[in-house]
Amino acid sequence: MNPVNYLYLAALLFTIGAAGVLIRRNAIVIFMCVELMLNACNLAFVTFARLHGNLDGQIIAFFTMVVAAAEVVVGLAIIVTIFRSRHSASVDDAGLLKL
Amino acid sequence: MAFPLLTLTAAIPAVGAVATAAVPAGRRTAAKWLALAFSLATLALAAVQLVRFDPGGTSQASSSGGAKGPFQLTESHAWIADFGVRYELGVDGIAVVLIALAALLIPFIMLAGWHDADPLETRSSRWRPTQGFFALILMVEAMVVISFEATDVFLFYIFFEAMLIPMYFLIGGFGDGAAEHGEAGAAAQRSYAAVKFLLYNLVGGLIMLAAVIGLYAVTADQLGTGTFSLQEIVQARAAGKLDIATTTERALFLGFFFAFAVKAPLWPLHTWLPNAMGEATAPVAVLITAVVDKVGTFAMLRFCLQLFPEASKWATPVIVVLSLISILYGALLAVGQRDIKRLVAYASISHFGFIVLGIFAMTSQGQSGATLYMVNHGVSTAALMLVAGFLISRRGSRLIADYGGVQKVAPVLAGTFLVGGLATLSLPGLAPFVSEFLVLVGTFSRYPVAGGIATLGIVLAALYVLVLYQRTMTGPVKEEVRGMPDLRARELAVVAPLIALLLFLGVYPKPVTEILDPAVRHTMSQVHQADPKPDVNDVEAAK
Amino acid sequence: MSHAASVHSLWTMSADAPQKIPAPHIEYAQLSPTLIVLGAAVLGILVEAFLPRRTRHPVQLLLTCVALAAAFAAVVALAAGGYGTGKAHAAAMGAVAVDGPALFLQGTILLVSLVAVFTFAERRLDPAAHGRPVDSFAAQGAAVPGGRAEQDAVRAGFTTTEVFPLLLFAVGGMLVFPAADDLLTLFVALEVFSLPLYVLCALARRKRLLSQESAVKYFLLGAFSSAFLLFGVALLYGYAGTVTYSGIADVVNGNVRMLDPALAATTGNDALLLIGGALVLMGLLFKVGAVPFHMWTPDVYQGAPTPVTGFMAAATKVAGFGALLRLLYVVLPGLRWDWRPVMWGVAIVTMLVGAIVAVTQTDVKRLLAYSSIAHAGFILAGVVATSPDGVSSVLFYLGAYSFVTLGAFSVVTLVRDAGGEATHLSKWAGLGRRSPLTAATFAVFLLAFAGIPLTSGFAGKFAVFKAAAQGGAGPLVIVGVVSSAIAAFFYVRVIVLMFFSEPKEDGPTVAVPSPLTSSAIAIGVAVTLALGVAPQYFLDLAGRAGVFVR
Amino acid sequence: MENLIGLLVLAPLLGAGVLLCGGRRLDRSGPWLGTLLAAVSFALGVVLFADMLGKGGEERALDVTVFQWVPVGGFRADVGFHLDQLSMTFVLLITGVGSLIHLYSVGYMAHDERKRRFFGYLNLFLAAMLLLVLADNYLLLYVGWEGVGLASYLLIGFWQHKPSAATAAKKAFLVNRVGDMGLSIAIMLLFTTFGTFAFDPVLTRATDAGEGKLTAVALMLLLAACGKSAQVPLQSWLGDAMEGPTPVSALIHAATMVTAGVYLITRSGAVFDAAPDAQTAVVTVGAVTLLFGAIVGCAKDDIKKALAGSTMSQIGYMILAAGLGPIGYVFAIMHLVTHGFFKAGLFLGAGSVMHGMNDEVDMRRYGGLRTYMPVTFVTFGLGYLAIIGFPGLSGFFSKDKIIEAAFAKGGTEGWILGGAALLGAAITAYYMTRVMLLTFFGEKRWQPDAEGEMPHPHESPRTMTVPMIVLAFGSVFAGGLFSINDTFLKWLEPVTGHEEGHSPVSALTVTAATMVVLVIGVAIAWAQYGRRPVPVTAPRGSLLTRAARRDLLQDDFNHVVLVRGGEHLTRSLVYVDHSLVDGVVNGTAASVGGLSGRMRKLQNGYARSYAVSMFGGAAVLIAATLLMRAV
């Protein structure tokens, strides 16, 4: 299989993730969509590493995972806090700051 | 190193401002005297400048490189090399006279506004309006003086702009207590006027900033290092090292001119002036029109004409038309005003039209007249406006209709008001006549039609001055005016010297014109303009 | 499948000789600023863990200040050692650049952070709760606002001293961000300084709902943008086969021959380059708050605790623009004709939108947020100059701007009423009458924002516009001037409100701050005026620091 | 001698300065101080005159430059004096009549609390007027020109508490300003043409300039003369100017200031001579005004306004004569001098009458005063005879010469001008007889004044009667003295030049015709006012009468066109300034604000919409980058 197809898949995943961010209301889901985007990036990295024949991409993918994990920690903490004070995880409910 | 006289002249009021602002709240009177002392010290330094200035001489070698030029008492120090900016000061005849004017008027402004900033009630211990008022006036003076002295475009620009800030607080922070709509309404109108003043001038300044940057780009491009030194640029152009493309020169000229036209102010950029002068206290109004606005017209002469001679000539027709409109429009609107101070403001617009007309007539009479006009207008408007301020402070109203028959109860006030008014309408024998006539002659000899139309301005001036005088001073004594006290000693001490000066300059302006004349000739030569020759040109020889 | 085989051989080779992986050569001395800060951050965590609650605040404060000062000293030492000029190079195997811009920006960030720490540590503004002084941060971040846990925490006198290590982590990330010399470091640094900031945003003591909301928004949008950035990195990697700046630049400039013609599909594929470059740019533009990636700015600036806002507004902008400069000047100079028009557009829109929308703002913090957007536009005008002058002007502007911003937000913390900070503009009416000094100070900052001469704002604006004009971006200068004029309007409006409006009866009071905030404000004013009156020294500094290492 | 010229001007100027700034201390002595300084000036004039008589006709002119006034580049204006026979004539007239009127005012203003200031203004006027006639260049003349305007303004409006006086003063100044505009344009034209505006170089070389330029200069000078001398179309201010105290009317608005226009034209004779078209304009103005003033004078019931109409008319004669060129200059000046005597005398008489009649000015409320005020009656009567040109008296000689010269202009023009002058003489006889009859003859028609007090006419005090008597002497004998041996002609000829006119009708015929029209005029007046009782309130009168009462509707025209039009113009400009000029700026500000408000809505608080913006932004960024590459 042509590795370029993995790139198409990565782009597709990325777009799905982005669309999810735009469409979904639940902060957790949005966050998961962001994770999906990051993973799409990982796929692209790995594919490119394969195409280029060097390891950089694969290493970067590990970094990305770590970063994503860190992001999850912080993100979930924030989301949980706001959920506890508002009893809602909908981002559309958080609309006090505007104009 | 030579004695930094110019720096000192600007520094003294600046130091005075700080010192005055630092006076504790309880010592109001001390603050006033302190400020007055500093302004007098500045006046003394300005007088020293006048004495040290040699009208005939071109220049001592400036410390930067011995370049000969029209400037004297020069100082030059490195400042912001990255921007090509030097701290370069120098005065020519025009500058030295205008500095003297500013330094002369400030003490009178202070004296006239002696009680304008006394707080109505003691609010908090930190609220010190009096100190602020006098400190701000000194601050303005310092900035005006340095603007007149700066021969570096950037240095000039900085103070040209920075002076807006103290002016802004002076306009917005202190009113004359005359309110149609109560105290709150007055405050609102005042802050509107202050904002309008600031925004107009700021926009003008920002457009000039674009041109200043453009100038840097041009010089940096062609001379290797960018420079803002007026002399360097002028000399480089003369030597053919700097060749500004026509369109660029025009664009830069317009950028500069716009800022100065706002400041001057020229129609249609004038509408801030009536608001500002109407809402500010009379001394501040004088400060605006007699001192600060002069920087605008002065800069037209010093920067527009000298930096961009070709573009100046190119723009002349339009500017002449604009100044004609200013003259007539200002005068007609003055006729239509119901508010004394606004009336004086529109009259000033008309007069600024004359000044700009004189500058751009490109004749030696016109430019001499215009520079002399700056001085005379300063003094005459100060006289008229300050007396108007005294009048307003007595009755608490700026409306012309609220007065009548003042002449009967306060003859000296009325008399000085009339003299101020007569100076405003350029009565021969008083100073403004000489300058106005020079402007008219200078314009007429190059643009006869424009000169003729401008002459209409003298009729309209008579109209608005006399209508004002008639409505306020003559006729039956109004009830509210009865019992109005005549001028007090302090007020007379403000007005009398101004009137004496008006008379003196009207009868014997030679001391001033002698200083101005070489500078004007230099400017004319920069623009490569010569006076038109008369038709019958050997008359003097025949005589 | 030749290349599949070659990849396989890679694997096998490394599997064969794991011991041959060379230990990376790290120049610890040259990275010392970052290491000091991060080390102190770790120490700070330990302090949180082991020291009693009472002593934490002074200890943390001391630790943070010392760390930042030491880091700054290290930066100065490096610069004095010639690393800003002659010895500039890419350290840590090419991952982190040690050169003029990097050192200048690091120095700026450290100074700004140091001043910001003062505002973080301020404990006199809020009335003491139960006899204990409190600062701007929540007693217990995790507690539900208004809930029992929170009340208990307040009663117990808890304070969130974790903000100091968080700040240090963020600073550490920021130090690396503009120095990052490969895209991976860039990404990691981005996350390192963003994540603590997200948390910091959520920690306000008052108006906690707003604070949490701002954190959520910042976090979601920040994560979203970093995903874009990462995808851009991936594409660039695909284009060049490497993520080091110099490597990519070589490929862009055509200095590297194709190793394998079969890779032509990806390597050197300009579509990858352009799209990847645009996405990375977008990630950076998000951080600096350029339109249309600016929308988080007002909300987050308003909701976050004001000291954090000040820190964020000042330091993030410095770091973000530093990274942007390096990316554009090192990686993409060969693409100048592609990205310049785009950046022109972004700069113009940013200046105009920032200035225009600010006109109708009614909240001081939001107003300053929009002002920061407009300023981002001005700085972008210097960025697109694509000349050493452009770089140094941007460096200067960043230095000048960050202190003004920090000072302005510090003043905002002082104006208070019963509900905490009184940020609604109507409450600022007549402030000049009640507290002339505070109002005058704020006015100085506003005037500097407006670019009035004799303030640092003017010198900075002049520098960037001058560079832009010389770089042939005359129209940008015009737009800049126009938006300055619009911007002047709302700065003036605030001044009018403070000085010429009658004070309201129930208006806010100005809290008397401790020397901490006072000195932060004083430093802001001093720098503002110093850089306005005598900018030459700093211009020289920025000018010498104007060359990137490759 | 030269220094005395300066003193001549300085003496009254000093008086003005001292009196106006002196304060209350001078309230008592002020009037006498002012009178003294006027007399000093007159004495100096006499000394200079005596000195001048001692020299030959051509060497009599004195020139003195006092100091450089405005030296700027090629522009030089000096304060310098030129005293020749023409200015000497004026100096004597001004200081002589001026001194008399100062003296008269001492009595007339005795009860006015602000008399110190009054005398200050009078002295100021004298100084300015002397400056006007002594200046050696046009710019300095202009200073005097405006100076007298100022003095006139101050004096007309002396009783400022009366709104009518204040309005009249303002009007006088404004109308004069229109004339002044002409003068200043003329000076500018002279400067651009000759490079100077001193009399000597300009006048000696006038012919070197093109006729077009000279015509322009001359027309502008004429405009100036019209303003100052109350000639059509700028005559409207003179009637209103009678609001001023009567001595002022006598001095300024009859004897001296209003004749400045004649001086200007005569002085600039060389320019006018080289611009025949302009001369035609001058004579037209003169002829029209002499009829206009006369007709107005017939209709007025206010004694001073009737006299003012007469003044207008008489100056019309002078202007007419001056417009005739060298054949008329001398006669213009001669008439000016004699007119100075008799018209001043008439005004002082009128003042005396008003003084006795509780300041009543309506002649219909006079009547039969001859027995009550004998001195006034006699001096007024002599003035009356002089003005109508009764043979042997001053007016006879001077006016006759002008009518002769008008005919001598030749051609149709000469006939028209001569005819007009004759007709004017008839009307003069009519209206002056009317004044005489209404005031001094017939039954008493006295009415109580505003306070209900009946007037008790009485003769005026000595300070007032003495000047009247002196002036009456002048009215009677001046013309005769001047005409014996053509003394006046020979005196002035070296300055103005003179040509004998060649009249199509003989001098004797003209004199005869003048006598005939005189008798006709007097007879009609007698028929109307002498034989039958005069109603106290004026009858409605014919259309012409009503128009003439309103200054032949000229004021109405001014009011509708200039005042109303001006008001509309300024009001609309105020509107324009507020709505348009300011409106553009405010509109821009408002639209920025509106835009801001709308863009602000985009910031709707929903994180997802922010994300949309970012996503869209990224898309645009990518598209733009790709597009850049594509182009």
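The chains carry the letters A, B, C and D, assigned in the order they are written, with residues numbered from 1 in each.
Assume contacts are C-beta pairs under 8 Å (C-beta built on N, C-alpha and C of every residue); 3 or more make two chains touch, one makes a residue touch a chain.
Note that the structure is predicted; figures quoted are calculated from it, not measured.
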Separation of chain B from chain A in steps, with touching chains one step apart = 2
Inquiry  = Quick check for the class: compute each chain's Cα centroid; which one is farthest from the centroid of chain C?
reply    = D
Inquiry  = When contacts are scored as defined above, which chain pair ends up with more C-beta pairs, A-C or C-D?
reply    = A-C
Task = Provide the C-alpha centroid distance between chain A and chain C, rounded to the nearest whole angstrom.
result = 23
Ask   = Taking each chain's centre as the mean position of its Cα atoms, how many Å separate chain C from chain D?
value = 80
Key: Interchain centroid distance [CA atoms averaged], chain A/chain D, Å   = 96
Note = For the pair chain B and chain D, the C-alpha centroid-to-centroid distance in angstrom is 37
Query = Tell me, which residues of chain B touch at least two other chains?
reply = none
Task = Could you tell me which residues belong to chain A and also touch two or more other chains?
result = 18, 21, 30, 91, 94-99
Remark   = The positions of chain C in contact with two or more other chains are 216-217, 220, 224, 228, 298-299, 489
Note = Which chains touch? The pairs are A-C, A-D, B-C, B-D, C-D
Query = Can you list the residues on chain C that touch chain D in the complex?
reply = 216-217, 220-221, 224-225, 228, 270-271, 274-275, 277-279, 281-282, 286, 291-293, 295-296, 298-299, 337-339, 341-342, 345-346, 353, 356-361, 486, 489
Ask   = Which of the residues in chain D end up touching chain A in this complex?
value = 600-601, 603-608, 611-612, 615
Task = Over in the complex, which chain C residues touch chain A? Could you list them?
result = 3-4, 6-7, 10, 14, 141-142, 144-145, 147, 184, 187-188, 191, 195, 198-199, 202, 208-210, 212-217, 219-220, 223-224, 227-228, 230-231, 233-235, 237-238, 241-243, 260, 263, 265-267, 298-300, 302-303, 366
Inquiry  = Applying the document's contact rule, which stretches of chain B touch chain D when the two form their complex?
reply    = 200, 267-268, 270-271, 329, 332-333, 335-337, 363-365, 368-369, 405, 407-408, 415, 422, 427-429, 433-434, 437-438, 440-441, 444-445, 448, 451-452, 455-456, 458-459, 462-463, 466-467, 469-470, 473-477, 507-510, 513-514, 516-517, 520-521, 531-537, 539-540, 542-543
Inquiry  = Under the definition above, what is the set of chain D residues touching chain B in their complex?
reply    = 20, 67-75, 79, 139, 142-143, 145-147, 150, 153, 157, 160-163, 165-167, 169-170, 173-174, 177-178, 180-181, 184-185, 187-189, 191-196, 198, 200-202, 204-205, 208-210, 213, 566, 569-571, 573-574, 577, 581-582, 584-585
